[in-house]
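Have a look at these structures, which come just after this line.
Both complexes shown next keep subunit A, but they swap its partner, so subunit B is in the first and subunit C is in the second.
Right, the complex of A and B next:
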């Protein structure tokens, strides 16, 4: 009896989490002119309008470039730091770990203000550079946490075997360690990209006037009224941040199956 | 250089880019706004460098700031409580379910991948004047014209719960999943009812996860300004909204610095207290 109550409760909790999002997707296919209930039929017109909206396309380009650069920089920094923490006995590694994840222990608003004011003092005004630096520092802790967790599972034996067979440290790293680390690196990069792509709290502080990312564009559009275009944009974002990683996961599984590992 | 010395230097070479980034982009900027909070924004819009206590005096004594700070903490506390009440049974179900654990966990991770702004604005589709609920009530005939259900404190809390619930469920799950189910069986075989076994064995053992989830919900909830802007009314500003106002709208950066630091001290104190008693490890389990 009690267990059934817990089950029903859980179903309600999941419904609460997903119903509103499902409604966004549903309404994005709404044929009615106002984008609200009642739905008058299914149509792709809002996606067509989206594809013709210059401001939204620009926001997409900005977000994608920003996300890719953030992922590249923050994954590089994060992987190097994780290697040091997992592979070496570093004095004070606990303190170092805490320092490295500090950017997510500080409220994002405070991080945003501090970075904006300090870089402005250094004559770096609100710009794409500021936006990029902000996204890097904010995503770095997540990359380190994800990569570190995966790195622990890679055995050193394989590397030692390569070295004992005469491979140089450089050869060992590029031919043994890096390929083994690749899933961790990709997971970290994907994580950094998604967080950057979704970020709005810091971005609103850092972005220069006239530049919009997808979330800030949605935020700006909400100021007017909720148009069906926003729902369509939301659907596209959901596909990008949920659909693509799931697809990647499925492909990775398929590849792993084929290579028999 | 000897081999040992090179070996000892290597981790520092690997760590230096990340540590430099954190130092230059977080710690130095934080120290900088401490200094900045004692400067003064003059009527001309230029900052006067010096040691003025005006910003701090305004931030600490003005009842306006105090009330909004207290209200922010209240909203965060209610949000955390609701997340705990909603999330704990769900986490328990996932941890103890046999067949569909993997799919339930995958579904639990999905909200983390869905944009915060989308999830927040999605409530407008549900509760707005022409939203799902009003449409349904109108068509059934319960109401004659749409009710404005949005833009109040309740919808701000609703939005925050929706945003933060996955953090709670995940943290509680991680801690419940690590408890040996034999302990409950042992309690049962010693004559405890299932409920007694739960309240005396499982619940206490899962408190660290509940605390970790609670801390995340509270700190993230108290630091938000987007949710009140999207789902709140004009009087539902939270403390981070004041920071945003000061920095972006009024361009009073010294005052904005002082307000940011106030928020940091209040929320930082909670993190430190948590760290003192429970350590960061539990928190990292849920994040990693």
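Right, the complex of A and C next:
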């Protein structure tokens, strides 16, 4: 009896959370101009229109480039920072660690405004590079948290063994340490990419004029009208932000299985 | 293969001195054990030889060459850890081949060398497996194969048997010694287990609190401990305050409590220099309990059994003689004595050792 109530409650919570998403996906295949039920027919026309919309395609390209660059830079910096914090004795490492994680704890709006004011103070104009910088700042903590946790579990002995066998510190890193923490590095990179890809708050503040990412483009389109194109775009976004981490997880699992850890 | 020399080595960590000035000479091809309780500095010494730690003072020589400034990956050492430290993402064969990649070994020779090493540790058929598919003992054999396949100048073993269970540990002990003798590599072995040290070593270096207490062959260290610490750490000993009454051709005359005046052979009291206060060391195994008084030439003292610690093939007694409690470990012949039994303690003076007081 009690369990049945819990079960029903759980179903209701999930329905509440995912029904809107399901509606968006469903309506993106609607033939009608107006997003309402009952659907008048099944059609891919909104996806076709999406693919022909220059502004959206441009936003898409921007988002992908931004996401990939953010992932690459964040992961590189995050791995290096984790190595320094875990493997070496750095003076004030606790403070550094806290500072690096801080962007998660500070509300994004505050961080966004702070960076903007800081740039104003320095009299630097907004640019794509600065947008990228902003994304790196708030994706870095995720990479560091994931990679650090993994690095702690890799025993120093294994690296020492490799060095005793003749591998230089650099060879040891690429032969031993990096392969062993690869699942965490991949996970960190995926986190960085997806967070950057669907970020809107920071992006709205930092983006220079004329540059739109997919979320800001949707936001702009919504201000005019609710076009069914947005449903289609939403569906694409969902596939990307849900599908990519799942794919990544599957790859990481394969890597982990092969390495036997 | 090379000798290893530590010259006045000191290692400090901040304010803590882990190794006080100590020197050590490890001859080529020898099996030398650093023995001591945890925190005695034995692992610190090993890690300095390996190049994983830099000495604060003094110099380290391998094969006569100073290596203080040579990084670990250029020292050509084999290193075996307590928890195996195999590369989990590489197969056993890849693990063993790892060190060969950084040496001038032709690529077509590598599989042959790997196979030879695997045969040496008696695991010729596991090359394709991953480390986690092997048992602890097998993993440690692979770690050993990986360390010796590179033909290291020195083999460094950091408590390699401690993670194995008791039966396996004794098998591996014999195995390890066999392999070491076969390839003849200079070996430094770190352990806190006195029976491993006694069974395997050519030389034992007993360490305590960062200082070398004694260096010697197993028999020497066991029979003629240089200090109270060594006497207590290697086996169980009864150590009592005594007095040296004089030294003569027959040996050192010691006036001991309970057992009276005894003449101990000079070689069992090398550090006693003359009359004065001294300590007498009586190994628990040398103190025999008997129902009868002793024959001629054996000291005999009446005592009462207080505690019986039955161990199967042997038994450990705590007995009281006068107001002193003594420890005796005897092989069991028939039945052990019961608690409360009145017995005679038999002791041959030649089995005793003496230390300066």
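Heads up, the rule we're going with is that the second predicted complex is superposed on the first by the 243 of 261 C-alpha atoms of A that agree within 3 Å, B and C clash if a C-alpha of one lies under 4 Å from a C-alpha of the other, contacts with A are read in each partner's own complex, and residues count from 1 in each chain.
Criterion: a residue touches a chain if its C-beta (ideal position, glycine included) is under 8 Å from a C-beta of that chain, and two chains touch if they have at least 3 such contacts.
Computed from a predicted structure; not experimentally measured.
Novice: Looking at A:40 after the superposition, I want to know if it touches subunit B, subunit C, both of them or none. Which is it: first, second, both, neither?
Specialist: Once the two structures are laid over each other on A, A:40 reaches no partner at all.
Novice: Looking at subunit A, which partner touches more of its residues: subunit C or subunit B?
Specialist: Partner with more touched residues of subunit A: B.
Novice: Once the shared chain is lined up, is A:107 touching subunit B (first), subunit C (second), both, or neither of them?
Specialist: first
Novice: So, A:254: does it touch subunit B (first), subunit C (second), both, or neither?
Specialist: A:254 contacts neither subunit B nor subunit C.
Novice: A:204 contacts which: subunit B (first), subunit C (second), both, neither?
Specialist: first
Novice: How about subunit A: which of its residues touch subunit B in the complex?
Specialist: Spelled out, the residues of subunit A in touch with subunit B are 2, 6-7, 9-10, 13-14, 16-21, 23-24, 27, 34, 36-38, 76-78, 80-81, 83-85, 87-88, 90, 96, 98-111, 113-119, 121, 133-134, 136-137, 140, 142, 144-146, 148-149, 194, 197-198, 200-201, 204-205, 214-215, 218-219, 222, 226, 230-231, 234, 237-238, 241-242, 245.
Novice: Using the touch definition from the top, list the residues of subunit A that touch subunit C in their complex.
Specialist: The contact residues of subunit A facing subunit C are 155, 157-158, 160-169, 171-172, 175-176, 179-180, 258-261.
Novice: Per the contact definition, I'd like the list of subunit B residues that touch subunit A in the complex.
Specialist: Against subunit A, subunit B makes touches at 10-12, 14-15, 17-19, 21-22, 25-30, 32-33, 36, 86-87, 89-90, 92-94, 104, 107, 110-111, 113-119, 121-126, 128, 130-132, 134-135, 139, 162, 165-166, 169, 194-195, 219, 222-226, 229-230, 240, 243-244, 247-248, 253, 256-257, 260-261, 263-264, 267-268, 271, 280, 284, 287-288.
Novice: Quick check on the complex: what are the subunit C residues that touch subunit A?
Specialist: 50, 52, 71-79, 81, 83, 85-89, 98-99, 101-103, 130-133, 143, 146-147, 150, 156
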